[in-house]
Each structure stands twice: as structure tokens, then as C-alpha cells.
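Chains: A, B, C and D, in written order; residue numbering restarts at 1 for each.
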């Protein structure tokens, strides 16, 4: 899977005011990201509100993005569900909808033991012949993928890649040190430079929807070993990332604020039409939307 | 919803060796539980492997149980999914499949703030006109339903009932003290007597699949205030419940061991045909199955 | 240790406005509790601000209480410190200061594995010849005492008793079912009736400082099997216990509010002179102190 | 406090077989570290078994190290205890014993709210006139120091420095971005290069006892911006750090294995006489000690 690398943003899912998929906006967003030089697109990830989207919306979003990508860059599909049989259903439907690779987490909701993880991922890999990306996201699933499990499944060909959203750079570093058979992505927006410094091959930054060029600069600086430039770009992006806190004063949840801010940022930049988010997320109010725009202006994006 | 009360076991979902729904076994199980005097049946709960079942299997299981129940006892359906839009889809399909009431958890996977919970549950209640049961299960969803939220949604009619699987008897007691508009069920197998002692109206014991008569005796003793008898029955059931640990020596997960043991117990009692569990659960081996039967024999069930 | 049983409140440690030990107040408090029929006194427990008291204050408080008790009831001393060598120092000093039994937790601060717990407790027991009470308080030490460890150390005579402040009634029940060599105390103020219902031999309620007669009534009702009376008394005490939340509106910590409320309650009842708490706890303000008194009036204590 | 910076290892506390302070070994260790170019010495930290040492042993160890240092490098003293009044006692005694700076954590054992943290640290700073270092170690105290609290106490002069053992590089980066009034140390052995990359001023690596020259090379490479060299040295030190896992096969605790390995490494290098650790830590066996030596040989240290 030589083409998996680089900046692969988790694509936002634009919705109409009635919370239907906004196809023209999604087409514009996919085109915007490809033109910005993104190395791949990750559809129906956490940033794409996968946990909120009915199945048909998930697959339709994937079709739309795959249509725009048209083979220019690989399209990864999140196949996020509680356990193996349900994940396999998403895997099959996602392949049919045009996915080039599949992104799966460990089981969740059902208390699951790490000893069951290999069976879970191997069954998915066996069911659908597409590269499988391990999605390590303990904040959502409640447990971290153990390094041993990741290495075992990298060595036997189950995993083609790893998207690390665990925040555990020590664990990611251990994986990078111990295998050459795994393409590793950092899911961090704010420590992306550190992920690349320790050897990660790419980034999956949610706010890359809003500022893909910034993450491309960061990635390219890192690839040429210019760590000072990477760090400077990261500092700028860290300030921009503070848009996710616009809703804190009202005490709304993390996703309400962050997903709302990403979408409002895309509206502000003229990429998508509206910033509607899924239920039960709380919509940003006028003050919060203005704060997002102010951050974008400070970052030179408006 | 006067008929919601009493012992309402979360019905196991028998599977064929190929992991398809075993309809004849499920019919026998539903009939066995109704004949044993259960006051309701809870389909597609955690014990029913809801997190492992594809949608069609969920709804088919519900249809089968509703068909056997035929109005003799209410059938509750777990509508377990990550967030509001996906849960509402299950709510609609479950109503169509014959559910008398719906059981929903707080959102999971997507980090959600308690401030978003009321909107979540109200949207579900508004979408489908069936009594809604709040399912408080922090071990699966990652956060406890705050007492204030439960009370608010009881008072405004969103919640008809609460299934408390939080293990927090102090919190359940606070709810029972502060509202008369909520039917409260304890989800504990091992502290069921304590739940009833503090005023809960019913029980949802997973191992009630295997020994419904025991939980009925416990419930009836509690209802007549014979706490010594309730405690004695509970002690017997606590020993039986140790079947969930048969897999511990092999280090398998909690569900693999517990669900496997419940199903093997039903096989041993001649109710269902086979003990197959969903992927990625690890099947019990011969030693473990023998241990389950030994526990049942000790409990006088064979 | 036949005399360990019944209601054994964790005695508050009255302080002067300069945060010195208020000896006359402590003498009055000890006398008040003994006259109220308490079966023992637990000095330098969590409620006694043990974690805030310098060593000399700890031992002086113990001497004062032991002097008042004068053998009428056993005096238990909390020997709370991070690991074995430090705990043993407290054990020796506490015996010298008049303790009849010692109360020790698992190690804390230093990450410790359960496999090290037996060595910890056995070394303490070997160092000082007094009955040893296991203090299971995961909220403070970060891990629960495993049932197997408690049973092993009960059977070999290391533990004479257990004070369970874990909130895990299921675990306490398992201990009670499996050994007859351990006197078990529930540390819960709000589920004390449940602790006695499952077989616990006594209670260690912090708010027992303020209303010892209430907990005595609860205990005696339980001992004679009058569960309805026990439950009624518990309900009254649950309402009283809400004094611990008086500081919530200001967002102070749990201890600031609870310890402040217990002490203010004792001031209101005329037992101690002032409600000063240790640094860095935040003192109650006038509104909060009035709220405490209002709760006491409602409970019939003023 | 201009001299606080660079590599400041948390000095091990050598013990005799009878678990008394081994003064000659400690003198040799302090001299070894100073000769290796360490920029300071941190006595009675977690690696120094502070949580296991009686008060007199703590202060004697500090005196010994301060005596060897004799003003050549600053000596920091951990004043680790549960809450303010007890910490202040250690602060006074540590100043008397020769400390140049004091290192204090947030309160532990007593459930404490972040709103109480400023009062805690300000009272310590006010009680003893020495630079105060905030020790952020959530694994031991149960909560992370909030960024806002750290910044507030840096700005008002309460904190001179921060030792970050939280593993949260994102939080450390936020502190570094927002204040210039704080000397920041990373407590990580395995991500020390990343800490310096984001701007930290120094390191406090436990295994720096065993290989101070390695951490000095890493630090100096980072200071001259040679990130490739820093990373190479870090990789070597990561392999060496695996000595902390020698006890894993026996299932002992983290500290038993890590502290035992550090001490055995110092024995192997001829610096201290014996590897005895405090109770209740489990001593390394012959196999485990041989494994430590094998790691040191691989790292070129024998």
C-alpha cells in the first residue's frame, strides 16, 4: 500500500439545515482538500460525525468523496461499529461505495478483552479484501490497542496502517521502533510535529479540513528534516486549533464545540454552505461563530 | 405503563453454529421465560448480544419474541447505538417489529457531555410513540446518567422507566426518593435484593435466563416484605452467578465467559440447542462447559 | 477482638482558629459520642483530617480520645501513610498513644501492585502487636483491596477487621460470605442499612459525629431484624447527610464541604467550639453555615 | 533561580541489607552524578523512594547529598506528603538539611479540588523561603495540575519551576507557550527529546542515575539544535530503559521492578554497594538482576 502516507484529513460531513447530507458542499470540500495537496481523504471518521450518521448517509458520503477523488488520492472509510459482525457489514458496504482502505477500531460498548482483539481484526480483514487501518482511539472505545497486538497484526499482514489517536507518543514510538510493516499516522492536531519527529508517516488532523495547507507545510518541513520550520507551523496551527474551545463557556460537550467550529470554519472559508451538526450536538450561537471567524482571521485564513 | 414491573430478563439470543439466529431456540426460550412467570421480556439488551448483532438479526429476534409473547407480557427492545439519529432508526424498526417499550442508553463512542443527554432522549421519545426506558450502563457508555437528568426526564414524561446497571445503589436510591414518576429496575444479578429493598420495582437479571424461577421467588419475597427469604434466595443465586467466571483461568473477556455460560446453562437445561456466541467472543471449551453444568447441578437446576 | 462491632464513628478533630488541636473540644466530642452509646471511636481517620494533621497532632488527638475513653470503648487509630516503613512508624507511635487497634490502607502515591499488599500488611501486623483493621478506600489510595487478598489476610490472622469504604457492596458481600474470621464495617453513611442487611457487623459513619443517636437506632433496628425501621432511620439520615453539599454552589472540593459541615454541625449542637478545618480546605461561609444549621433543624437535632 | 536547568536526575537512595540509609553509597552516587556533569540533583523524589522513607531517612539523605554537592550544583528536595500542613513540615526540615529548592505535588489521599491547589502551594511558598518546583504527577496524586493553575502560580512567583511527569506533552507545550516565568523539566525517560523539542529547559530522568552521560549527550544535542543526534541518543536510552520491565514476568509492581533495576544497574556499574529496596517492594531475583546487567552491557555501560 505504497500510497498511504502524508496528510489525510478526516473529512467533515456537511449537512443541510434538515440534517440531510449536503452533497454539493461535500463535493466542494473534497475538491478543496485534494487541490490543497492532501495525500488521501478519510471519510466517516470521528470528525466526519460517523457515530451520528445513519448507515445510508455514511455510504452516500463515501460515494460522493470517492467520486470526486476519482483515483487521484486514496479514500479511507471509517467502519465504526460496536463489534465484529456489525463492522464487517460496514466493511462490505464501504468497499461497494468506493473505499480504497478501511479504518476499524477495537470493539466498544460490549466489554471486550484485548485477547479478543486479534480475532476481531482478522475476521474483518478476511471478510473484505482491502487494506485495513487500525484505529487506536481509547477516548472513544475505552481501551488502548496494546503494542503487542498492533505488532502481531502488522507482522501477519492484518494491518496495513495505524491511525494513532491515543495521545500516547511513547506507545506510538514503540510501534515505530519494532516494525517496518506498518504505515503510522498521528491523529493529533497539536503534536503533529512530534509524531513526525518520532517517525510517523502521516497525519490525520481534524482541523486539516479548515487549514489543509498548514498541515501540508508542516508535513513537508518534517520530511526534509527542517524541524524548526515544522515547529513554527505547528505553533500557528495550535493557536488556530483553539477554535474547538469556543463553546466551553456554555459548557457544551467537546464534540459540539469542535465539530461545530470546524464546520463554521469551512463556511467562513466559503467551502461549504452551512455549519449544521448532528443531534444531539448543541449548535454554536452567533457569538461562538464570530469567535471561530476571529481565530481564522488571526491565522490568515480569511 | 402500569404493566412495567417485576422480573424482566434480558433475553439471550440463541445462534446456530453458523452464527445465524436460531429461531426455534429463541421461541423455546421466550416460552420458557413466560411460563416461568416473568413479567416482561427485554430483547436485544447487552445479555442479548445486541452490540454484536447486525440490524436484521436484532429486529428478527424481536419479532420472534413478540410473536411468542403475543401480548401476555410486555416486550422491551434495546435500541442500542452510538447517538441520536442511529438510535431513532432502531426505535422505528423496533416498533415495527413489535416492541412495547424501548430501552436507550446515553450516547457513546462520540464524547458527549451530560448537557446533551436531555436532547438525545427527548428526540428519541418524540420520534417514536412508545414508552422509553433509560438504560444507565456506565461500563459500556463511559458515563453515568446524572441523577438530575434522570429526574428531569422522568418529570416531563420522557422516561417511563429506568434500568439501572450502574452498580450505584446510592444514586438509584436518590432517584427513588425524589420521583414517583419512574418505574425503576435494578440490572444487578447479585444485589437484586438490595435494589428491591431500597424500592426498585423490578429486576433485569441476565442469569434470569437460566433460573427465572429463582428471581421470581426473590422478587415475590421482597414484595411481601420477607427480607430473610429474599436474602436466602439471593445467596443461592449469587453462587449460581459464579458461572460467569468459568473462563477466567484462560484470561478471556468478561462477556465471552458470561454470555457463553448463560447460553451453556440454557443448553444444559434443554431450552436452547447450542451455545454459540458472536464474534469475537471466545467460545467456552469442554472444561468450562462442564464447570457451568456443575454449577447448575449445585443450584438444583439439572 | 470480640468488642469490635457496632457504630464506631470516625472522630472529627476540632481545631482552634490558629489550626492547633482544640483539646477541650475533642474531649467534649469523645464524651458526647461515648454517652450516645457508640461502640468504639476511630481517631485519625479520613473524617478526622488525618491526611492534614502533622504527626504530633495525630498522636496528641489519639491520646486525648484514649484518655476520655479510658477503656469504656475501644479506640481505633488510623495509621495512614504512603508505604510500609512510614505506616509502621505511625503504628508504633499510635500504640504508645493508647490505641486499641490500628487501621491501615493499602500503599498509595507509590504505584503499588496488589501482589505487594500482603507483604505490606503482614509487616505492619508483625511490627506492632495490636489488632489490625484493613481500610479499603479506593477513592483515596487508587485501588481496591482485592477480595482474595482480604480473605487470605483474614484467614492467616493478619486482619482482625475490615472497614469498607469502597462503595462496592458486591465485594463486601463476597467477603462476608467467604470468611467468618473478619469483623466487617461499612463506611457508608447513606447505605448503612444495606451494609448491615448483607451481614456487616458495624458502621463507621462520618456524620455519626453529628447524629450518633440516629446511627445507633439504625444499627439496633438492623440487629433485631426490623428492616423497615432501619430503612426509615436511614432515610432520615440520608436527608441529613445532604449537609455535605452545602459548598457545591461555590465549587469547593468534597472534603472542604463535608468536613466543614460536620464540624459546623458539632458547633451548632454545642459539642465543639469552632468549625476551623485544615489547610488547604476552604472554610464555609455564613450562608453555608446557615444551611448546615437548617438541615440539622429539619433533622430534629437543634 | 538562574541555575535551575539541564539534567537533574532524581537520585536513588541506596539502602543497606537492613534497609538503613547506605551513606557511603549515596556519597559515591552523588559524586558520580556530579562528575558526569549533571546540572542539579533531585533528592527524595519518586525514584528516591520518598514514599517509602521515614522522615529521618529523608532528611539524612538530603544532608548527605547536599554535603557532596557543596554548592557545585543545586540540590532539590522532594517534600512529598498528603496535604499542606504536612508538606510544610517537610519544607522546613528540608531547608535545614541543605535543600536549594523544594519540589511539591498537589495534595493526595484527601480528595482535593483544583480550586484548593493555589492555596496549598502558596502556603508552602510562604512558609519557607526557597524556590518552589511544582511536581505534576497524576499517576501518584490522582489529578493533573490544570494549566491555568500552573500559569497563575508561575505569574505570581509561587512556582519557580515545573517538573512534568504527567506524560501530557500537549499540556506542557501549552504552559511553555504561555509563560516565560517558569523553568520546565520533563520527567520522561523515553520522550526526553520531545520535551526539549517543545522547549523544556531540562530533564529529570530516573534512569539518569545509571546513565547520566547519555542524558547529558541528549540534552546537549538538543541545546545545539541537533535533533537527529538527540533522537539517536534517545533511541539508545529507550532500549536501556527496558530494564524496568525485568520483573514483569513475575507480575510484580512497576516500582519494584523499576527501582530494583535502577539500583542493580548502579551496583553493576560499581557506584553503590547493594540493590536493596524498601518494603513492600519485591526484590529482584538472580535472573532479573542478570537481565539488568545484560541490558547495561548492550548499552555499553559495563
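As a working rule, contacts are C-beta pairs under 8 Å (C-beta built on N, C-alpha and C of every residue); 3 or more make two chains touch, one makes a residue touch a chain.
The chain list, named the UniProt way, goes like this: A, B, C, D = Dihydrodipicolinate synthase family protein.
Just so it is clear, the model here is predicted, and its values are computed rather than measured.
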Far-end chain from subunit D, centres as C-alpha averages: B
Same or different residue numbers at the subunit A/subunit B copy interface, by half rule: same
Geometric centre distance via CA averages, subunit C-subunit B, whole Å: 37
Distance from subunit C to subunit A - Cα centre to Cα centre, in angstrom: 50
Sites on subunit A at which at least two other chains make contact: none
Which pairs of chains touch, using the document's own definition: A-B, A-D, B-C, C-D
Subunit D residues within the subunit A interface of the complex: 167-170, 173, 177, 188, 190-191, 193-194, 197-198, 225, 227-228, 231, 235, 238
Subunit D contact footprint on subunit C (complex, rising order): 19, 46, 49, 51-54, 80, 82-86, 89, 107-113, 115-117, 119-120, 123, 139-142, 251-256, 278-282
